[in-house]
Amino acid sequence: MADLTTRLGALTLPNPVMTASGCAANGRELHRFFDLTDLGAFVTKTVMADPRSGRPTPRMAETSSGMLNSIGLQGPGIAAFLDKDLTWLHSIGARVVVSIAGNTAAEFAEVARALASHPSFACVVAVEINISCPNVANRGLVFACDPMSSSTVVGLVHQELPPGTPTFAKLTPDVTDIVAIADAALQAGATGLTMINTLLGIVIDTDRLRPQLAGITGGLSGPAIRPVAVRAIWQVAGAMREGRIDTAPIIGVGGIRTGLDALELIAAGASAVQVGTATFNDPSAPRRVRDELDAALDARALTLADAVGIAHRRKVQL
Amino acid sequence: MADLTTRLGALTLPNPVMTASGCAANGRELHRFFDLTDLGAFVTKTVMADPRSGRPTPRMAETSSGMLNSIGLQGPGIAAFLDKDLTWLHSIGARVVVSIAGNTAAEFAEVARALASHPSFACVVAVEINISCPNVANRGLVFACDPMSSSTVVGLVHQELPPGTPTFAKLTPDVTDIVAIADAALQAGATGLTMINTLLGIVIDTDRLRPQLAGITGGLSGPAIRPVAVRAIWQVAGAMREGRIDTAPIIGVGGIRTGLDALELIAAGASAVQVGTATFNDPSAPRRVRDELDAALDARALTLADAVGIAHRRKVQL
Amino acid sequence: MRDVVQVRGEVVANRRVGAYHHLTVVAPGVAELARPGQFVAMAVGGPTSANLLRRSFSLHRVSPSGAYGGTLDVVIAAKGEGTQWLTGLRPHDEVDVVAPLGRPFPLPTEPVATVLVGGGYGSAPLFWLAEVLRERGCRVEMVLGAASEDRLFGVVEARRSADGVTITTDDGSAGTKGWVSDVLPEVITRTGAAVVYGCGPMGMLRSITEVASAHGAVAQVAVEESMACGVGVCMTCVMPVTGNDGLTRMVRSCVEGPVFRGDRLRWDAFDDGVCRVPADTVGAPRPGGH
Amino acid sequence: MRDVVQVRGEVVANRRVGAYHHLTVVAPGVAELARPGQFVAMAVGGPTSANLLRRSFSLHRVSPSGAYGGTLDVVIAAKGEGTQWLTGLRPHDEVDVVAPLGRPFPLPTEPVATVLVGGGYGSAPLFWLAEVLRERGCRVEMVLGAASEDRLFGVVEARRSADGVTITTDDGSAGTKGWVSDVLPEVITRTGAAVVYGCGPMGMLRSITEVASAHGAVAQVAVEESMACGVGVCMTCVMPVTGNDGLTRMVRSCVEGPVFRGDRLRWDAFDDGVCRVPADTVGAPRPGGH
């Protein structure tokens, strides 16, 4: 057993493996396959203020080593989420990261406020601010495509949470300069960053010759995008090492299927990782990834802490 | 046999299938597997002014349904290219698209000038301007990440080519707003656009725990990225249909392995397609894709011209 | 208690049956938990696969212990990459299975007459259902329909499992030429059926529901929507269903289905391969909204 | 005339040999074109594969026509996903092959003495080479080395194909304990060899080259660099090689190799798993970058 303990700012977790938001619902379903408390943390499906039906179907298309989804942030709304889902997660003793979003910056704040005032907030170890969603006030441009919108949201959410609550801004890779967005989120007070959300993609149904998803575009996820996730983490961690932006913990997500995949993101600079699409292939994937990571670190005689960002230190000088 | 004839502005080609720059060298190697004149056009490896050794090795990493490459635009320089490679392509009767690049906007122009004055320019049906490469004058930022740099390059190249020479600006998907870059390239005089170049990625070697590529970052290509290519083409073709930018032909590239894959890009708005990484899996891929596309169009009782952008017309109104 | 298992199954047999493949897989632990109407999700492509998503199939039959340990049977139409891979499996090949999944067909508490309607491979789960119903003293009639004779599944088995069998094919190559909905009214009327069970394409399930309602019977239908996970975590498989409170919600067909009461499904939302979100759905987009 | 074929091969046999698998594949047309030192590129993972790139293997042997039509043999060490898939193939499975590729070992025009040095599976192409050399009247000595006995390939075959055989293992489990370079000077001296052929890991090829040069022999070595295409179109497999004009260029080892004259390779560029571009290479990056 390698020492898997990880530190994300002031937060310490027994191991670095989490579910990814939207890939594990709110816990009950995966709890049939493994004990959620085996994970470093459980990340909930992004919740917004009101109930949302989500998009029409088809909502998914399989792609080479990945998939597109266009769920449209379907969910019960924050009130029902707190009373039913978070309360249940609390009852089983899970460490919970709650993912929140809003159509406007004010809605983010509203959701954060409701969350902070609920009794089950006690099980919340961090809040993930999903800024990779469309900003209604800005022509539907994704918050995380714009440094200004990103920092507004993060700032407003922080005001609603008890001081010291760890927050992670979740970034989209669909930008020219992810370091600039990371910088804006950290300047606005985020404890750290979660990278990456899905890439925007389209699949055409070649029988009907129209987009396969009813909502036309969807988010690309799965092993196909892992090199993009590793690159995003590397760039942002690199900017931190060079002092170009503040140093902060990174949660890596994107294409992790095995313990070695997780190790890639960790070596690039992530202090924790999330397993998303792979869970659809194997409902036990998050726990399996934890065990495989454990074995991989053992085989290399490393602790988790040793491995974080190790590839920067070992990179070849040409 | 479906009618595969395609029109790219003033240029008419007998079929829409091409090789992708850098995935077919300069022709001799693939000519052992099939006759290059069977293709709509042959696209050469990007050539710059001087000979270039390219990057150290390892230069490649296999990824899930794709690969990373960091070749570093290795090549013989424009003079040797013209005398040996273009002359040979001319001799076999190929229709050639020459891909050019430069470290500076002026180098692009220099390469274009040399090209235009060579006797074998006669076999050149179009010039592809690979602006998805680093601009030495702008901190190494890729030209195609910035509308201004993109338009400067395209404008300068145009001045060096005989009036009416079709040019295609090749765009990177690694930008927040690809429509803005497309617009800049077209405003500057490009006949059309080639989309997409590779996505920036990193793979970590989990034994050595350092980046697997000697050059650290590489370009992600292959079926893994097809949904991103389809999306980029869809967005730009959509902007054209809505009159937000000038209408111009699009050459689609990214993840095509089969005729149905090609049809996806075509239905999204591409008038021609390029087959890149799939050639490494199957050296006959470009010609096979042509034949499979032919059969797929036949089965749907469509000509190539019918199929271009058809998914926009058929999309579901919600 | 665990109500689902994930096991590395071993293929015992893979037989061609008409247009389909009948696959038998050793999958210990499934039979003890499974009931008719539930399904299995199988991983495809082996360790180097580019296809990540599991494929779902109705459980045709399960047997708690045979010569090889507990097995499950499915009937597969080779369609795309995943089903082609599965139907190409040979004995001793491995396939990862998660089962049983979803809600089974609800069984009547009284020994009423029932009609079981299957379209194409949709008949696969019905023979097992028929046995269970007859054990409870229910009369079971079966109606099997398909485009053509080779796409009918289980005609011989139907004669054994049911008290009466009616066959339809679109082209008339077997049984009555036409659709199951053409013969269904007569069967319901004749048997006085209280419940009609259906499994097959959505269009067929809709007409079964209409015919059943018109004849005072309840329809229980097993739907088929694209599923990325099959276990309830991805929200891709939703459809609009009206609940006991009269409100429509987008519910997951993998965990709240695949069996729904036919009259609870919002058939008006399905059209041309798309299922829209009815305007009165809980949380439906508001004008200007999401 | 075509000098390469792409065919859908069929596996005839897959035998375990020590730490390796010896695969025989029906691949019509290859044997007629192939010469020792050339290689084959095989697609892996079947139709749903996430592994796009072909895997390269030295041709161990070819036979123009046997019971099954022309075949080729390769010796494979299971390492990552691709080689695991290949070594798991069973008779009648299909595998797409492109062969022969690359430049073969150049043969001496005179009947000189030669030494053939193989490290691990690197010996695979040498037995065929030995036959061809002996047909030309060359004396052939073989030196086979590996980490341990199970990683030696073809010791028995070597005794048949060569006039003398020396074995080394790192752990002494067979033959002399040590490296091939420890015994090579004696073999060259004793036989008066004019050419040393080598195939194996890069470190070994380097020392073979050094020993050969020191003893006035020419080294011809078959290198191994990661290859994305194997056919010369991707530029991933390059290494710095000095040409007849004395200039170093980054050349493709798949078409201009895999066999190079050892003294033409810029060994100084290889270090710690990376091959740098020597500063005097044609087109090398200038300060300030390319």
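Chains: A, B, C and D, in written order; residue numbering restarts at 1 for each.
In the analysis below, a contact is a pair of C-beta atoms (placed from the backbone, for glycine too) under 8 Å apart; a residue touches a chain by one contact, two chains touch by 3 or more.
What you are looking at is a predicted structure, and each value in this text was computed from that prediction instead of being measured.
Contact with both subunit A and subunit B is made by C, D. Distance from subunit B peaks, on a Cα-centroid basis, for C.
Centre-to-centre, using mean CA coordinates, subunit A is 35 Å away from subunit C. One finds 46 Å separating the Cα centroids of subunit B and subunit C. Counting partner chains per residue, subunit C shows two or more touched chains at residues 50-51, 274, 276. Subunit B has residues 56, 64-66, 208, 214, 222-223, 316, 318 in contact with two or more other chains.
With chains as nodes and touching pairs as edges, the resulting graph is complete, every pair of chains being joined. Those residues of subunit C whose C-beta lies close enough to touch subunit A in the complex are 2-4, 6, 43, 50-54, 96, 98, 225-226, 228-229, 231-239, 249-250, 255, 273-277, 281-285, 288-290. Remark: subunit C residues 50, 272, 274, 276 touch subunit B in the complex. The part of subunit D that touches subunit C in the complex is made up of residues 44-51, 81-82, 84-85. The part of subunit B that touches subunit D in the complex is made up of residues 22-25, 29-30, 32-33, 45, 50-60, 62, 64-67, 69, 71-75, 77, 103, 136, 140, 208, 214, 222-223, 277-284. Chain contact summary for the complex, subunit B toward subunit A: residues 56, 61, 63-66, 68, 145, 174-176, 199-204, 206, 208-211, 214-218, 220, 222-228, 230-231, 234, 255, 260, 263-264, 267-268, 296, 300, 307, 310-311, 314-316, 318.
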